[in-house]
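I'd like to ask you about the structure that follows.
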Amino acid sequence: PPRLRRNLVSPYDPRYKVWEIFLILLVVYSAWICPLEFAFLRYLPRAPFIVDDVVNGFFAVDIVLTFFVPYVDSKSYLLVDDHKKIAVRYLSTWFAFDVCSTFPFQSISLLFNKHDHGLGLKFLNVLRLWRLRRVSSMFARLEKDIRFNYAVIRCTKLISVTLFAIHCAGCINYLIADRYPDPRRTWIGAVMPDFREDGLWIRYVTSLYWSITTMTTTGYGDLHAENSREMLFGIAYMLFNLWLTAYLIGNMTNLVVHSTSRTRDFRDMVQAASEFAARNQLPQQIEEQMLNHICLRFRTEGLKQQETLDILPKAMRSSISLYLFFPVVQGSYLFKGVSSGFIQQLVTEMQTEYFAPKEDIMLQNDKPSDLYLLVSGAVDILAFLDETEQIYGKAAEGELLGEVGVMSNKPQPFTFRTTKLSQILRIGRSKLMDIMQENGEDGQIIRVNFQQKL
Amino acid sequence: PPRLRRNLVSPYDPRYKVWEIFLILLVVYSAWICPLEFAFLRYLPRAPFIVDDVVNGFFAVDIVLTFFVPYVDSKSYLLVDDHKKIAVRYLSTWFAFDVCSTFPFQSISLLFNKHDHGLGLKFLNVLRLWRLRRVSSMFARLEKDIRFNYAVIRCTKLISVTLFAIHCAGCINYLIADRYPDPRRTWIGAVMPDFREDGLWIRYVTSLYWSITTMTTTGYGDLHAENSREMLFGIAYMLFNLWLTAYLIGNMTNLVVHSTSRTRDFRDMVQAASEFAARNQLPQQIEEQMLNHICLRFRTEGLKQQETLDILPKAMRSSISLYLFFPVVQGSYLFKGVSSGFIQQLVTEMQTEYFAPKEDIMLQNDKPSDLYLLVSGAVDILAFLDETEQIYGKAAEGELLGEVGVMSNKPQPFTFRTTKLSQILRIGRSKLMDIMQENGEDGQIIRVNFQQKL
Amino acid sequence: PPRLRRNLVSPYDPRYKVWEIFLILLVVYSAWICPLEFAFLRYLPRAPFIVDDVVNGFFAVDIVLTFFVPYVDSKSYLLVDDHKKIAVRYLSTWFAFDVCSTFPFQSISLLFNKHDHGLGLKFLNVLRLWRLRRVSSMFARLEKDIRFNYAVIRCTKLISVTLFAIHCAGCINYLIADRYPDPRRTWIGAVMPDFREDGLWIRYVTSLYWSITTMTTTGYGDLHAENSREMLFGIAYMLFNLWLTAYLIGNMTNLVVHSTSRTRDFRDMVQAASEFAARNQLPQQIEEQMLNHICLRFRTEGLKQQETLDILPKAMRSSISLYLFFPVVQGSYLFKGVSSGFIQQLVTEMQTEYFAPKEDIMLQNDKPSDLYLLVSGAVDILAFLDETEQIYGKAAEGELLGEVGVMSNKPQPFTFRTTKLSQILRIGRSKLMDIMQENGEDGQIIRVNFQQKL
Amino acid sequence: PPRLRRNLVSPYDPRYKVWEIFLILLVVYSAWICPLEFAFLRYLPRAPFIVDDVVNGFFAVDIVLTFFVPYVDSKSYLLVDDHKKIAVRYLSTWFAFDVCSTFPFQSISLLFNKHDHGLGLKFLNVLRLWRLRRVSSMFARLEKDIRFNYAVIRCTKLISVTLFAIHCAGCINYLIADRYPDPRRTWIGAVMPDFREDGLWIRYVTSLYWSITTMTTTGYGDLHAENSREMLFGIAYMLFNLWLTAYLIGNMTNLVVHSTSRTRDFRDMVQAASEFAARNQLPQQIEEQMLNHICLRFRTEGLKQQETLDILPKAMRSSISLYLFFPVVQGSYLFKGVSSGFIQQLVTEMQTEYFAPKEDIMLQNDKPSDLYLLVSGAVDILAFLDETEQIYGKAAEGELLGEVGVMSNKPQPFTFRTTKLSQILRIGRSKLMDIMQENGEDGQIIRVNFQQKL
């Protein structure tokens, strides 16, 4: 974390993070109380307005605080900590909106006009919903953060939007009924004629109930529009719902497709292997080896790993190989006394593979195209003799496999078969020979090492 | 199947599998009876409680049994058969939940308090739904098992979830109406004023009917919430349904997309070939050959086969090739008397291809880049003479095609055209020459074989 | 079309196709009349039963006919025209079902029992719906036939299923009401108390209306279940609808995704090119060339063409190249007098490319890595002189571009820029040189041709 | 823009574009007024008919104008400006439809028959909806235009279709009720018995309300079909809605999947890298480098860039490379005095890469496989000495990295690590050596430059 100028608050400071989370909670409260006040104002007690002023106070503090928080420049990806630049940026973007959404119109109007139930100033209060952009940008941030599950974040976002839409629509629809001249000809008055006498709770629940009934297109019909104002609002709300529902389903489909893709890819591969085995009447043993290997591959690597490593620059891939395999290669008898530059070149050309138990790494009589190094696991050394397989020995971790064939360029004399889950390093014979030729001395050492072993 | 210590039950034992399936059936029964008892308890006869105790008994037996079943370690993929480890693992994970979900609270409470209709102990009974995790894990297992159709498993799972949700919601909604002080102001009482006198069957069907009407958002409105308790439950249920419906549709889309992908890929390829032929005004004959080949390709191989074989390790691909093609290659005249190591190397480099009837395998005058071996099917040998195609002979199964061009490095003297569906092995000329050079003696034998044939 | 034995009807005979289409129409009629008779039997006039018998007659003819139609074996893809095999195959598969679905139970029962309104024999009539498998297999066939639009076939299939479901559900629901003891307590009787006196038309429309209202989950509620029988049927129907709707949406999503993929891929590519140009501040002229080329590419080739050509076997690709390009290559001055075998080898290595107007094919001073041949279009030959581009000449169709650089292995002396939409053949210099070396004489002729031109 | 013949209007003329947009607005007006007149004619004042005639006038002008607008030929992509061809094309395609949809049937009929409320001529008026094909083709054009957001265009199109469907269905349903003999037995008359006395506004809103209630499948049931005519229309409308809804959801899913794919690919890659790091216990520093690099890659390049560049022809890629990198390569000390042809060849083989701050470009002791040129950013030169990294120097923009290793073919003596976001050009050692060998003199100059530097 870079050093900041005096009087500045780092955006990475844990205390600032806590402050941001606290503000998000206040925004959620605002989003809930604001439509409620708008629709049910005349039934609300005095208390919420005091709470409102306190909440506004916190947001006012945040406006001031923003002038002291550096921002990350979108081009150079560097933190800008110049007071003037921070101020210019904020003043030219959200400042005006933030001030409007924080100004306590409600309380000020109440000072002058104690019993105003008009809609005029109430509309100004709706400006407070501007604060929701904080929630929106928070979700955008969380979606890109792999510490959080994508599906969970996405669903939370959609549930929030749904709940907020239901809440708002319920409140607005109530407001329309409340303001209608003839209470009997309203959606709520037709069922509860004296609804204005009922408690806040019952009216709020009824509004929400109408709202969710319409949103989900259940439409029981026990509550329905009775006049053209309500019809018009209903038309608008149903059109909105059509799109929201389609959007919900679209997102769900997206998540389902993504979440099942791994299982499906796995199934497709296993199926292809099984079909291939069945069509060609492969022996049971080979089919099992194939299926085991595919299972292992999916468990150890996943699908995107190779693709991800491929986009990394060469030096980074070298760093990773060096870190992982340098010691184990250096410890091998064939490379004793060889310069570390040689081993570094060798290691960067090596690839790692996993083998399930009872899988063949190499077959007797195969062309010696690769040299293997057993990183972990255990291997049996076999050979066919008189038509039966005989075990000639075992290879332990850190041992080389197939070096006899590779160094003398003869068909492999043995079959190597794993007995446990094994990790193996592989390097192509031609690459090894190239590197040995380029590094004449080291190549000589290796040949000597090989002769001594024999 | 590995040998187990004494007193242990193998998880692969068919009898254990049967026991597991039996328990799954009991879980399904529990999932159905548990909400029913919860909501309709006072109308239920005594019998179910006795059945309940028997069911609980079976689950108690399973808890004991679990201490004697080895588990597969998630890291080493090995079966752990140490009594202590098994016990520690179970006690530290699901043991407490399993015991709670098996304890017969209901029966014990009835012993003390014969006519209790309170909700207190009934809630404890809901713990039995914990058993559903068995069903959940069974579905997770089946989804990865290619012996079962993925779409069927997935649909079964979703239908189960849907039915369970409908059942539960119906029961809970009935419970709310049943407990409401004024029976006339309930969703069921408004339509059937004396519903408490009606039979269990009619009340259960009505509850289910309301539940499915709401779930599918049909919402006739003949049954609807009459008081705020019911409204609140309705709101919660409809929100849940919104997500369940979206999830169902997402899964269905996923299955449809997957199930049609093969047909669509096939159509896209055929379409691309047709368009190419039309744009370039290719003769009818070539277009037909193209379309036939694409059809054959889709029938014999499917889409994922090559991809699947590519991820197998080299030794396994060698094993497969050896098994499939070693005899047929060894039987060919050109490779008579050649060492089996040579043939092994050759075979691992070979690729197999299928040709539809009347397709050209090779054209006269083509560069001799590949050697072909007819594994099955039949081939005509043709040549252009005086502007007309003349049949020079036929090749039967096991014969080589194009070896004259390849061995003498001259343009192919003949066109080879299939007369039946044929399978063919192919090896590139350069690879063949490399292997012959590396195995000098065998190469010499091949050249002699070739001369003798000529 | 292969010759058939006597007394056999070719399945490819146009008259047999017409017969099949005629039967499909009869199936559609059966699918409509069968549920209608089942539900509204007592109101139906006598006429349909006579029509029924005629329809049954046609299907009886088809059963007999099937014994004379050869079938395609699923393994060898050959037509089997052995009478015995045809009979065995039919008798062991669909024969029994076909007979049951054709037997005129209805008419026979009416002979014995003139006024039977019981359900007993009516159920046997439902067996006729077995005929629907013909429609099902027809759709499966059409889906794979690229002469028909996939989306249209798929939508037709789904609309048919939907209409059939609506029709059936309406009929069954009416049947339940019709059989209910108290007509007032049925879904239709509650609204139309004397519904049994109403005409068939009004009752059928009302049933369909209820059915579609429920299917689409509109659920106005003007018609709704009044007794538990209707509730149970409603539950079953709504569950089915839940899945049908999800299936419809899944299919629609599939079609939409597929139909828009081309436009979207095009947009993505154009967008990527534009962004690349903007980020690197490329001059207007280069950006336009890029966008033109991408547009052209999408118009001329589509997305799948290269992929499709790649899966064709080598000989087929050679045939296509020979057909398309042999004459134009042979007509070029450089290859005058060269053997046709040489040109064949050359042509099979060539690739075709399209260039939009004002695009550069080759830049002055570029490495001479490829030789181009202008198949169609027109090209300007340009060179930079004193910092300005000057036109040195024009190349017409059939002329070679860049042969000076390629033959003398010097940087290209000119820039070639298209003036019209042009098609060009390209061959790599190294491949050309390899072929010239392998065919010494022809190579010499080419060199002489080149010298003479100079 | 090409020169046109006299008396022709260019389709690219901005004034013609404005005219087209104006006509689109008139079409929107027509689409709204036409069903309204059809259903509510007897309540409409005289004014709309005069407006109608004016609108018809504009379309008549457009018919005439079309004869003077050249068109783009679909094969050659050239503008056809031959009067006769333009006329033939128009007369043989849309002319007849356009005339019919413009002819003022309504006004002419009113001249003869002042008080006609019959449906006869009204149907002719519906022909005006033919004009909607302009809107349809406009959307098809906009979808391919990357200046507009695809999702916005697609959503606008779908919203338009939805609104038009709602509007039409509302009008038709009203018309059915209005013409029904018994006003009390209509969907609107059952609720508003004297609906014919009500104002146009209230009836239009009620119609729309019914329409949207049915479309969204809310189906409150307060307004529902009362007679079989309305039922039949309801059945047709609900079937249509089923498909429209499925189509909306399909499109939404398509857009959601596409819009989230970038974020999801990014997450998948980061996740794969993290898992790889965790499984192999890579040190924190390497993991951070990996994640930074992936983030940078997504920010700088996007997903489709490389794919897009790959389909461009070679000459175009050369042009781009020359434009971007020629000056920076020419300015490098190693290539001082080298011919521009040599630099051109070098530049066309170069690739560009971005490195995040603190990333390694090359590791000490690595094989000298690539030469790098720092285009922008800054780099530290490090070496391990006594087990610690020491900074040996810094490289500024325009400097070469790793040329010592490449020119002398020795392991790289230094590690190069970025300190800022850096852009780097890379060329493989073997390609560089090839080009130097082919251009002997230039190769000599480079060697001299290198010696002098040392």
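The first chain written gets the first letter, and so on, giving A, B, C and D; residue counts start at 1 in each chain.
Rule of thumb we're sticking to: a contact is a pair of C-beta atoms (placed from the backbone, for glycine too) under 8 Å apart; a residue touches a chain by one contact, two chains touch by 3 or more.
Computed from a predicted structure; not experimentally measured.
Colleague: So which chains are sitting against chain C and chain D at once?
Modeller: Chains that touch both chain C and chain D, as defined above, are A, B.
Colleague: Pick same or different for copies chain A and chain D, depending on whether their interface residues overlap by over half.
Modeller: different
Colleague: Report the inter-centroid distance (CA atoms only) between chain B and chain D in whole Å.
Modeller: 37
Colleague: Where the CA atoms of chain B average out and where those of chain C average out, how many Å apart are those spots?
Modeller: 26
Colleague: Spell out, as numbers or ranges, the residues of chain A touching 2 or more other chains.
Modeller: Each of 217-221, 245, 249, 251, 253-254, 257 in chain A touches at least two other chains.
Colleague: Which residues of chain C touch chain A in the complex?
Modeller: 217, 219-221, 249, 253
Colleague: In the complex of these two chains, what residues of chain D are touching chain C?
Modeller: Spelled out, the residues of chain D in touch with chain C are 76-77, 143-144, 146, 150, 214, 217-221, 224-225, 228, 231-232, 234-235, 238-239, 241-243, 245-247, 249-251, 253-254, 257-258, 300, 302-305, 307-309, 311-316, 318-320, 322-324, 340-341, 344-345, 348, 435.
Colleague: Residue numbers of chain B touching chain C in their complex, please.
Modeller: Against chain C, the touching part of chain B is residues 155, 159, 162-163, 201-202, 205-206, 208-209, 212-213, 215-222, 245, 248-249, 251-257, 260, 263-264, 266-276, 279-280, 282-283, 286, 289-290, 293-294, 297, 353, 355, 359-363, 365-367, 369-370, 411, 421.
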